[in-house]
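Next come two complexes, and both contain subunit A; in the first it sits with subunit B, in the second with subunit C.
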Partner chain A sequence: MALLEVENLTIAYKTRRETAIAADRVNFSLERGRSVGIVGESGCGKTTLGMALLRLLPSNGFVKKGRVTFDGMDLLSLPDTRMQRVRWKRIAMIFQAAMNAWNPVQRIGDQILEAIRTHDPKITKAEAVKQVEQLYELVEIPADRIFDFPHQYSGGMKQRAIIAMALACSPDLIIADEPTTALDVIVQDQILQKIKAIQKEKNIALIFISHDIGVVAGVCHEIMVMYRGKIVEAGRREEVFEVPVHPYTRALLSSYLTIDGVFEIRDKQSPAPPCTPAEPLSKELCGYVHLCPHASEACRSRPPQWREITPTHKVLCSLCR
Partner chain B sequence: MHFRKLIFRRIIEVMAIFFLILTGLFLLFHLSPGDPVSRMVQPGMSAEDASMLISQLGLDQPLWLQYLYYVKNFFTGNFGISFHYGQPVIHIIGRRLPNTILLFTTSVILSAAAGVFWGKLVAWYKGRPIDTWVTILALVCHTLFLPWIALLFIWIFAYHVGWFPLNGMITPEVWINPSAGFLTKAADIGHHMLLPLLTLFIIHVGSYLLIMRSSMLETLKEDYILTARAKGLSEKRVRNRHAAPNAYLPVVTSIGLSLAFSINGGALTETVFSWPGIGRELIFAVSNNDYPLALACFLFISLVVLVANVIVDVLYAYLDPRIRY
Partner chain C sequence: MPDTPAEPMVQIQGIKKTYSEDRSLFARSAQALTAIDGVSLCIEKGEVFGLVGASGSGKTTLGRLLLKLEEIDAGQIRFQGKDISGLKGAALKDFRRRVQLIPQDPYQSLNPYMSIFDTVAEPLIIHGIRSSEARRQKAAQALDAAGLSPAADFFPSYPHQLSGGQRQRAAIARAMVLSPEFVIADEPTSMLDATISFTIFKLLADLRKTQGVTLLFITHDLAAARFLCDRIAVIYKGQIVESGLSEQVINNPGSDYTRALINAQPRFSFVNQ
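The block that comes next holds the complex of A and B.
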């Protein structure tokens, strides 16, 4: 059995007017030591998905149906106190906004120590500090900066310190939600290399959430493309990156800036930049039908079906054979 | 190190502000209508005697020279003789100021502590009945008219029920008794202080509660609260160790801002309860044209507010490392 199994996970937000589906029947599984990237534009539900795994949805968000099994535990029905023991000890998170992920009035070192000592109450302070020193060595921050306050760190340092904290309890799974988005490209590259190396070395499973398909392709074994709450294409990195099938994936890839500074148009027929149309999402029909240059009558009348391109490469589209 | 420099700078600033107040008050007192001498001059006094008195008081000197004397007198602690009491003003201030500080420090500490505690709690249970009712109650407290609630309390608790003395700060019989120890005297003051304290508490607790509540609600949206939860901390720890310390900051600011107002309200409270404090003395001095006393009251009230603001700044810097480092 895989380390993490997500079955039919549907997450919704209650608003004044309606109940909005943010993630719709998401299925995937993840083995120990493997990494999966979830790619999609803002608002497609990828962060919601990550939060739901840790049961950290905002108060108006809830899991409508589905199961999340982690190491044999049904995470969604776990009592709160047991869930608190799973958090960080088993599943850690690297946050989107490292700038604001640190409590501004507490020293960084104390915040990392808090994580260690919450999950290991017996450890002495000296031992815990030693652990933090080792983590700092790993993420290449000088040890004399451990007990600085967050505002004394640069953005990149804060992000690396977050990675150090994520590793503090040796988790089995790390969810990295846009870990490099706020950073400049050089620091971004350093951080990505770090994450990749640590993930490999410690044999940690990784869920990497990003809007940048190039970044994801550099880090992950598998890629899932998410659009309007649905996974529309999933497969091994090479398959999705080299042979994208879903028109949305192709559009996403074609808007990806290559090293030459030109748009590499992979699909001449869908140059339109992906964006979420204003029309309400029909629950069953393909969400991309309004923008898809290939949309046929069938797309507008029938829900799309999952097709297997290869045993590991699947796509949710009526057009693909 | 930076911390000390910051406090040092604030003290310099406060001293400059105080000097401006000193000068401003001097000008105001010279501009204000009414002649200080006319009070001292007896109807039977000759014009010669009157002008002698004026030159004795130095009021025939040019304004700038008077100002220099005024500043010199301030720094030597010479505030003149009160017209009404016939005693040095500094002695009267020395007797009244501690009473005011006792009452107001206690009321600020108690109402801020209670406001912060309840504000934190109701923000945590936002939308539940406890939040709704406590917030409504806080709004009611916040909008109450101070003299009205003070009189109401006296009427109910002192006059009808008789739990508390009607007014004043001490019971003379208790203090005359030579065998009365410190504790007996302190208990007597405490007994007199309870009603004014309760009044000030009710007036101020609402605003502290509302500020803490909204500040806490803002803080709870921050990313580091999510981090704290993701770390597997208990909800109580998230609330008390991560959210609350950040939410305190606006409350501390508002304590600093509200101090000046609470001393104003204090004059009312002191008058209604006949609390022998500096606010009541000020009202008395102003209505009796007791210029030296009124001037000294103004100066010391502003001094207290400025010192309290320095204390608030120190507290703020202590709570927020971004200021300190």
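The block that comes next holds the complex of A and C.
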């Protein structure tokens, strides 16, 4: 069994007017030491999915159905006290815009120490300090900066300190939500290299959330493309880049500006490789139908089905041969 | 020298901006921070000029100085030949109409309590367009031009009902509604996915073509700058380290810093192209 198994996970928000589904029947699994990237436009449900795995949804959000199994534990039915022990010690989350969440009037080192000691009350102060020093070495911040205030750090340093904090308890799984979005390309590149190296060295499983497919491609073994609450394409990184099938994935890639111009998809005209249909997922029509250049009558009358292109590459679209 | 050189849109001569004290409460020492350190630039009429640099290099500060939201400490900024330092009263108001900003974050820049119509029409009220019919018409034109059409469908919407890309289009419509001559776009797509950013870039290129607007495009993304800009300047720690035609700067970078920016761009080396 994989370290993490997500089955049919459906998440909704209740508002005054309606109950809106924000993530719809999401399925995936993740092995120890592997990384999966979730990409998609703003509002497609990426953060919602990450938060639900840790049971940290806002009060009007709830899991409608589905299962999350982590290391054999059924996370959604775990008692709160046990869930608390899983959080951060076994699954750490780097929240979107977390680097702006350091308490401005408390030294960063003290904030990390406090977190370590709350989760491990038996550890002595000296041991905890030692641990912070090692973490700082790992994320390459000089040890003499540990007890600076947040404003004395640059954005990149603040974000590296957040990564240090996430690593403090040697988690088995890290969920990183847009960990580099606010940073410039140079700092972003450094942090991505750092995350990748640490993930490999410590054999951590990683869920990496971003709206930037280029960033995800630099870090992750696997890619899941999300559109309006649904995963619409999932596969190994090379498969998704070399044979992107879903029209949204193709649009995402062919509008990606690289330094040499627009990214070019290799198989130019065939968005419909042979594939075997899998089970139909939903009763609703495809969410991309209003923008899709390949939308057909079939797309307007029947819900799309999951298609297997290879055993590791699948697509939710009616387009295959 | 040509006989009648066209007057540049913006000429910047040796400007400086120093923040004398640290904004924060707990600074170890109140040392001065020179955010813009002797910048000279010339932006021609009708061009898209890119200002590229890392976080904290001074891009937004330079934009704010050009918008006269802050005052320079030294040097001179000329807009269409006229020094902007002394602008007051009606002249300043006229300047505020002709120079506009497209902000970075459409999630924070739009007032959540204002409908899209009010958002786009507000600058018209400020600039004395009294007839409500005229306001409707201008707002509709601006929304259409920004790709939110039919405009009337978007009038009653509120920001939370729009997607990120639609919000940024509304912000662009608001910036364009007074037919400005010079627009500063400060990282207008850093929050948006590639498909949406791409359409926004195309929209900006289009507005330049159809409305002849001059654009200063601020970004840390050289790939985007190359796509959109005629010329770019690379800024590092408040100083311009290199400038020239976009292609030239990217293909033959003349500074280590530009090379570092180029090397940090995502590449898909694992794809066997």
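Please note the rule applied: the second predicted complex is superposed on the first by the 296 of 321 C-alpha atoms of A that agree within 3 Å, B and C clash if a C-alpha of one lies under 4 Å from a C-alpha of the other, contacts with A are read in each partner's own complex, and residues count from 1 in each chain.
We take it that a contact is a pair of C-beta atoms (placed from the backbone, for glycine too) under 8 Å apart; a residue touches a chain by one contact, two chains touch by 3 or more.
What you see is a predicted model, and the numbers here were worked out from it, not measured in a lab.
Q: Would you mind checking which one, subunit B or subunit C, touches more residues on subunit A?
A: C
Q: Once the shared chain is lined up, is A:Thr249 touching subunit B (first), subunit C (second), both, or neither of them?
A: After superposition on chain A, A:Thr249 lies in contact with neither partner.
Q: After the superposition on A, what does A:Asp212 contact: first (subunit B), second (subunit C), both or neither?
A: Only subunit C; A:Asp212 stays clear of subunit B.
Q: Could you tell me if A:Gly155 is touching subunit B, subunit C, both of them or neither one (first, second, both, neither)?
A: After superposing on A, A:Gly155 lies in contact with subunit C but is clear of subunit B.
Q: Touch test for A:Gln199: subunit B only (first), subunit C only (second), both, or neither?
A: After superposition on chain A, A:Gln199 lies in contact with neither partner.
Q: Should A:Ser42 be classified as contacting the first partner (subunit B), the second (subunit C), both, or neither?
A: In the superposition, A:Ser42 touches subunit C alone.
Q: Output check: A:Thr180 vs subunit B and subunit C. Expected answer is one of first, second, both, neither. What do you get?
A: After superposing on A, A:Thr180 lies clear of both subunit B and subunit C.
Q: Going by the contact rule set out at the top, does A:Asn100 touch subunit B (first), subunit C (second), both, or neither?
A: first
Q: Contact-wise, after the overlay, does A:Ser318 reach subunit B, subunit C, both or neither (first, second, both, neither)?
A: neither
Q: Between subunit B (first) and subunit C (second), which, if any, makes contact with A:Gln188: first, second, both or neither?
A: second
Q: Identify the residues of subunit A that lie in both the subunit B contact region and the subunit C contact region.
A: 104-105, 149, 151-152
Q: Sort out for me which residues of subunit C touch subunit A in the complex.
A: Interface residues on subunit C, with respect to subunit A: 22, 24-28, 53-56, 163-165, 190-199, 201, 220-224, 226-227, 250, 260-268, 270-273.
Q: Please name which positions on subunit B make contact with subunit A in the complex.
A: 222-224, 226-234, 242, 245-246, 319-322, 325
Q: Can you name the residues of subunit A that touch subunit C in the complex?
A: Of all residues in subunit A, those touching subunit C are 39-43, 104-105, 149, 151-152, 154-156, 181-189, 211-215, 217-218, 237-238, 241-242, 248, 251-253, 255-259, 261-264, 266.
Q: Quick check on the complex: what are the subunit A residues that touch subunit B?
A: 54, 56, 81, 84-89, 92-93, 95-97, 100-107, 111, 114-115, 118-119, 149, 151-152, 165
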